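Here come two complexes built around chain A, the first alongside chain B, the second alongside chain C.
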Partner chain A sequence: MAMHIYDLGWMLAQVLLLLCSAPLVAGIIKKVKALLQNRIGSSIFQEYFDLYKWWQKPTILTPYTSLVFIIAPLVYFASVVVAAAMLPNFFGTQFSFGDVFVFIGVLTLGRFFMTLSSLDTATAFGGMGGSREIYISVLAEPVILLAVLVNALRSGSTTLAGMALDFQAVYLSVASVLTCIAFFCLLLAENGRIPVDNPDTHLELTMIHECMLLEYSGRLLAVIHWASMLKTLVFLVLFSLLYLPLSLPLAVKVLLAATAVSVMETLKNKMRLFKVRVYLAAAGILLLLAIVAQ
Partner chain B sequence: MKVKPEGLRGAANICSRGGRHPLTAMFGADETSFGGGYAVYCLFENKEKHDIDILKAEFDAGSDLHYPALTPVLPAAAWYERELHDMFGFIPDDHPDLRPLVLHETYPEDFHPLRKCVDIDADVRGERKYEMAVSHGDGLFEVPVGPIHAGIIEPGHFRFSQAGEAILQLDAKLFFTHRGIEKAVEGKTPEEALLIVERICGACSVANTLSYCQALEKLSGQNVPRRAWLIRTIAAELERLYNHIGDTGNMCAGVGFAPVISMGSRLKEILLRCNEAIAGNRFLRGLIVPGGVKYDLTESLCTELTVALTKVENEYNDIVQIIAEQDGFLNRAKTTGIISKNVALDLALVGVGARASGVDCDCRRDLPYGLYAELPFNVITKTDGDVYARLQVRMGEVAESITLIRKALKLLQQDDSQLHCGELAYKTLTGSWGISESARGSNLHWLMLDADGCIERLFIRSASYPNWPALTIAVQGDIIPDFPLINKSFELCYACLDR
Partner chain C sequence: MELIYITLAVYGMGAATALFPKKMEMAAHYCAVLAAVFGSGALLYQSAAYLMQGSGSLLSGSWAFFTFNADRWSAVFLLITGLAGTVTSIYAWGYAKSYLGKRLRLLGGLWNAFLLSMVLVLLAADVFSFLLAWELMAVVSFLLVNHEAEKKAAHNAAYQYLVMTHIGTAAIMIAFLMIGSQAGSLDFAVLGQGVLSDNVRNAAFITAFAGFALKAGLLPLHVWLPNAHPAAPSHVSALMSGVMLKIALYGFGRFVFQFLGPTEFWWGAFVLVVGLLSAVLGALYAQMEKDIKRILAYSSVENMGIIFGAFGCGMVLMTTPRHDYALIGFLAAVVHSLNHSVMKSLLFMSAGAVMHATDSKDIEKMGGLGKLMPWTAVFTLVGSMGLSALPLTGGFVGEWLALQSFVTLAGSSEGQGLRLLGALAFVLFGLASALAVGCFVRLYGVVFLGRNRSRLVERAHESDWSMRLGMGLAAILVLLLGIVPGPVVAVLQTAVQNQQTLWRSFADMQKVWWFGSGSYAVYAPLLLLTVLSVVLLAVALMTCGDKSFVHREVTWNCGTYPTARQQYSATGFSKPLRRAFDFLLKPKRTATYLKKGNPYFGRQLEYKLSIPDQFTEKLYVPIQHYMVWSASFLRRIQQGSVRLYISYVMVAMLLVLIWGAM
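Here is the complex of A and B:
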């Protein structure tokens, strides 16, 4: 399919929309969580204020860091933006580029650079965070590929657009429900959510994703946080498009998935670090069952 | 019992009766100002006589302050002896680890602040070696944490020796904000010192004051009226209650279990407001004074307290229920941070830390004071010694404390004795101790007044002091992400050390 200038325009519009709404979705997750936990919580726009605040602050670099430290957040941000562009276009154009393997590869590139930057400062926390991040991603990746396989088998395509569910139909089959649960578990693990990681904690020793960011400040920190929020939104959209078998408008599905994240973060506590493999293995087994059921 | 310095180890060994009588405290005193020399006191809790045996080693003023260390036979003495070395310059021979404890690298080598000849206002600067205990080896690395932490807590530096995620060794550098309270109160009148003692630590304010006041009351020989003791008991149990309930929430913060964190803080807030209604401040300061209490619990306050207690009890039962049903939490808490009974006995642990490891001790029962002998309660013990056992002990004690407060409130209505026994006259140059069970364990004060009736020496051993070294043992074999949870399960206080 040839690429039109209009397609490019719609793609840009989609990326911009996701970029602008990512802090809002993150704010909504926090707000719902606060309400569920008997707290009033901060405004749903708080994430925008935080980004603005960090943007105003100077970036402090230790003399021990190299160029990697500055490049990594940018690569991370760019990788998530590219991933956002690769999502099936929700303005209705048929064009999309790259298949799901490229999608996963791009996201992994960003993660790889963040891990490099965590080692770059040579602090104990950075190294710990980097090692835990890799430990989880190594286990999560094969499971993600399995999730992709389930959809690829059904739709006979490995492009994200080809794999998307039909909005109008309801897919309440055993396979689709199992895949839905399994991908939701993956979504939590990939985005550093409870029960795998705790995004709200101040306890450095228990952190995974946040542990790698401890040396960042100012604009670089803003870039990383924005990228992380965008990544969460990209996963929520992907979950809604590909795996949530309900015939509802996309925005409603995304909000539903975001609420489900808040509920999970209230119901569950963080698991032992070495139990994460059991958790991810469980997601993998659900997916295998889904393939069999399909 | 008085002994010569070289006989201290032998005598201490006898006093401890093979470990059955734990070393409650060990401290030094500079008695040169009234004709003596230096002294080392060892206090053992006599479990049979329900009393404290005091062993005193006297050193001549001009002697070199050497004595055979107790640590090789009584591991519980390790920190006390390091502190004696820092603060007085005693040299316990054969001490396995005589690194500085209280005085960090910014102090000169030969500086011993608790000697009377050291001026409290002296500007002291210098340098000494302060090394952390670490493991070396292929693939091992160190993780330094603190002294400034991400949360709003007190300063402490932890050095982990790691093999991957597994903790091989932990060394804690504490005493960053040592205030020299023991030195600062010297020469103050008991009433002036009371204000300082109340502020040693926020969370053990009542326990510290209660121990201090009991020590003074023993010196005066006068009895505190019954009504005052009832109110003191209520205050002490309220303090235990708000600590235990807050800590239950904090332990859930260690694993990111958010609903219980908020529930715990909310219940703690209710109790802190009760405290404010009783004493005018949230930590019950100014309520307990030598000889009695300052404020009465009026009829309306009692009703208010009863209502609040019912609310707290119901909601706390919800918390207990939620935790019991939360598999994820139980999985984190069980088998994590184990302290065996042997370790607990060797280190003479106190309070929740000891009771969760199967050591049946509670100074409210073992060294009865006030009205605890006639207000029966159960001492909660568990045997697993892990994080969950410590949580269960706290949960059990919350229920016991609520029952105790209810009984005391009932007795209070039938009682019309005085709040205060009147003017106290104190014996001078006589040692005296007072003990009370804080939320963290037994809290001991030892004091002596000089010829003018001012403080000659006040030694404060709060519950956190013997329990801190246990933390470094509990984490061995666990992984570093579990440290915050283990740490919170002990809920040790930095300010209690920085006295």
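Here is the complex of A and C:
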């Protein structure tokens, strides 16, 4: 298929849609979680208000930071936006500028810069977050590649669009259920949710992702939070498109997955950092079984 | 084609500068560097021109007993030598000056001799010439590692390297002799035509792989590498890691493509698994080291592992029903060789710049160098991104192709065996690449970001123009090879494709790959760059447009001023991984109380951590002990008496006679 100029237009539309709805999805996750815990919780639009609030505030930089500290959130944001643009197009065009390995690579680009910025703050907290982030990513990376392999083998393609197209024909099977569970575990680990990380606390004992951005404020903080919410949504969409074996409209599937995240966060505690190894290994074994069962 | 002779002559003249009189030390240095730059430049031009349009062979002929022949497979590695040789020689102009008064003439001469020897290895067209050049390369690089012989570590590393590399040479020699005795000739052109029995082929494969894997630094034969590469002067380390390790791939490729006959399945699987295990453990050890050059040396083990892993994948694919796709594995190996040589040269050069500026190799003593050496910091960032295999850098292209080859492997048959092999490759590759990201985040973050960790850093200064030029060129190349990989990969592909005619052409596939409209696999870096920079620009303008928002304030530190010692250290940064992989690393920790009074304050604690290479500990030290032990046993028959020795000769002769009579 050749590339048309309006392909880029559709891509832009998709990115804008995802960017605008990311805070809403994050708000819905929080709201469902609150309801499940017998709380009223904040409005589902709270994340928009928070972003607006941070946008109004001044940015304070510590005197030791270099340019990397300012560039990092921007690269992180850009990388997640690019990843969103690489998702199979909702509007039907097949065009993309990279396959699933590029998708993973682009997200790694953002992570690379965020962990660098955590070392740039010259504090103990930043480095702690960065070091744990690297630890989790090392454990998660092989499992992600396995999850990719399951779909690549079935569809004979490594592009996200090809995989998604192929997945539409697949319903419940042993392999698809196993990969679905495994990818959901990965989604939680990659986006810093319970049981791997707790997105709501700033306690140094528990935090990973929040710890890296402790020294950020104002607009830079807003950019990071927006990017994180977008990343969660991108993973939810990816999960719905490639791994959730139900024939429902995409939006319903995404909401279902978001609810599942809330349920998981209510049922489970955050696990100890060194237990994550076992958690991700379990996901990896499920995927190996899926590869064999396919 | 005659330009290659000029290159050889120029290198030879450069090597001769070692004979300049002592008074002309600086003149000798400048002459040597100029010779190296011009020689490498000519080599680069010649091999690139040949790869792009030449046919036949680049060069063939003989001089005295030395026969030359350079086909496309040689030309790829000549290109790598020329490229890395040019940038590192430019860098050496400024960097090697710090060796003034420390045998600078010899350094310049050996530098040229090292380049010369590597080119000769690539040109050699018969076993004798090859082994001679190979040996020259080993000895010259030994002398370069031993250049700072006053330092005990360098001296030991050099001798360890000398012993190890000769074991490798012996293995290669055995492989050559096994094949050569069947073929009846030692000429490369006829070497592959002998009819070999399966046993001979398998034995030749094992010995050849062992010999070249030793040179490439694959597990468990890598132990010399993290000692020898850091001991050499930095520009030499750059060339050793960047080029010499690739020459091992060149030799192994010759064996696989030309000499060994049809590839067996288990050969490929063996190379694949050994390669990828090296990649994982190399990256893991790189993450644990504190010495900047040892980190880079272990990272070379990792990258050579990936290169050999992809190459092994190609070998496995040759034996499957989809053998026409085998090209992609070999292509990944070659592309990653080229990219890694540029990236690793760059990082060794910046390690040299950092060591030059701070007089230390220990990254725990650095920090905040980015503000003092901004150019070096930017170049190193590019190199670190490349070695972390981030998109838009050269490192990503090779690893992307490697991943594609693993997918092809997993999907190449319906059987479970290949699927699981592919899955294993994916798991190991994923571990290695994520560890590499962590390793370079740690390296860059601890050295260039944050605050000064010691006094050493305060007097750091930016490097001189030639060092910046060398690093800058390499950094531009890393980006260029990442953003427009299409033409380069197309050229390199012809080099691999020549080896086997039945492989399908990937020319059409490539258009699909790099410009992004295919359904099988896509990577369109130019488009990616465009979209990424547009988004980056937009968000940067939105965020940083209003400067009045930003002001600087000391970090809140519970009411105290933060000190530089409160930063995360490099050792601390790798703690979670050290703990997660302690079953492999077996770190040794000792904590001793120097003063143990009140449990709440005033205690003094000394904490030591060491992570010895497990292969040295568990494999090489026992072998060494055994050799010493058996030598002490053999000493009993060495009594020094002439009569005894004559009786030994008698006994031996009798035995031979009896054996002959039987």
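Quick note on the criterion: the second predicted complex is superposed on the first by the 288 of 294 C-alpha atoms of A that agree within 3 Å, B and C clash if a C-alpha of one lies under 4 Å from a C-alpha of the other, contacts with A are read in each partner's own complex, and residues count from 1 in each chain.
Just so we're on the same page, contacts are C-beta pairs under 8 Å (C-beta built on N, C-alpha and C of every residue); 3 or more make two chains touch, one makes a residue touch a chain.
On a predicted model such as this, the values are computed, not experimentally measured, just so you know.
Contact with chain C, but none with chain B, is seen for A:Gly284 once the two complexes are overlaid on the shared chain. Judged by the touch definition given at the top, the superposed model places A:Leu61 against chain C, while chain B stays out of reach.
Of the two partner chains, chain C is the only one that A:Ile144 touches; chain B does not reach it. Contact comparison for chain A: of chain B and chain C, C touches the greater number of residues. By the document's definition of touching, neither partner reaches A:Asn89: not chain B, not chain C.
In the superposition on chain A, contact is made by A:Met128 with both chain B and chain C. Contacts of A:Leu273 after superposition on the shared chain: both chain B and chain C are touched. Of the two partner chains, chain C is the only one touched by A:Leu116; chain B is not. Of the two partner chains placed by superposition, only chain C is touched by A:Val75; chain B is not.
Touching of chain A by both chain B and chain C, each in its own complex, is seen for residues 124, 127-128, 131, 273-274.
Touching chain B in their complex are the following residues of chain A: 33, 36-39, 124-125, 127-128, 131, 194-195, 198, 200-206, 265-266, 268-275. Residue ranges of chain A in contact with chain C, taken from their complex: 1-3, 58-64, 66, 68, 70, 73-75, 77-79, 81-82, 85, 94-99, 101-102, 105-106, 108-109, 111-112, 115-116, 118-124, 126-128, 130-132, 134-135, 137-146, 148-149, 152-153, 156-159, 161-162, 215, 218-220, 223, 273-274, 277, 284, 288, 291-292. Partner chain A is touched in their complex by these residues of chain C: 367-368, 370-371, 377, 381, 385, 388-392, 396, 400, 403-404, 407, 410-411, 416, 419-420, 422-423, 426-431, 433-435, 437-438, 441-442, 444-446, 448-451, 516-524, 527-528, 531-532, 535-536, 539-540, 542-544, 549-555, 557, 562, 564, 566-569, 572-577, 579-580.
By the touch criterion stated above, chain B contacts chain A in their complex at residues 141-145, 149-151, 164-165, 252-259, 261-263, 266, 326, 328-329, 331-332, 479-484.
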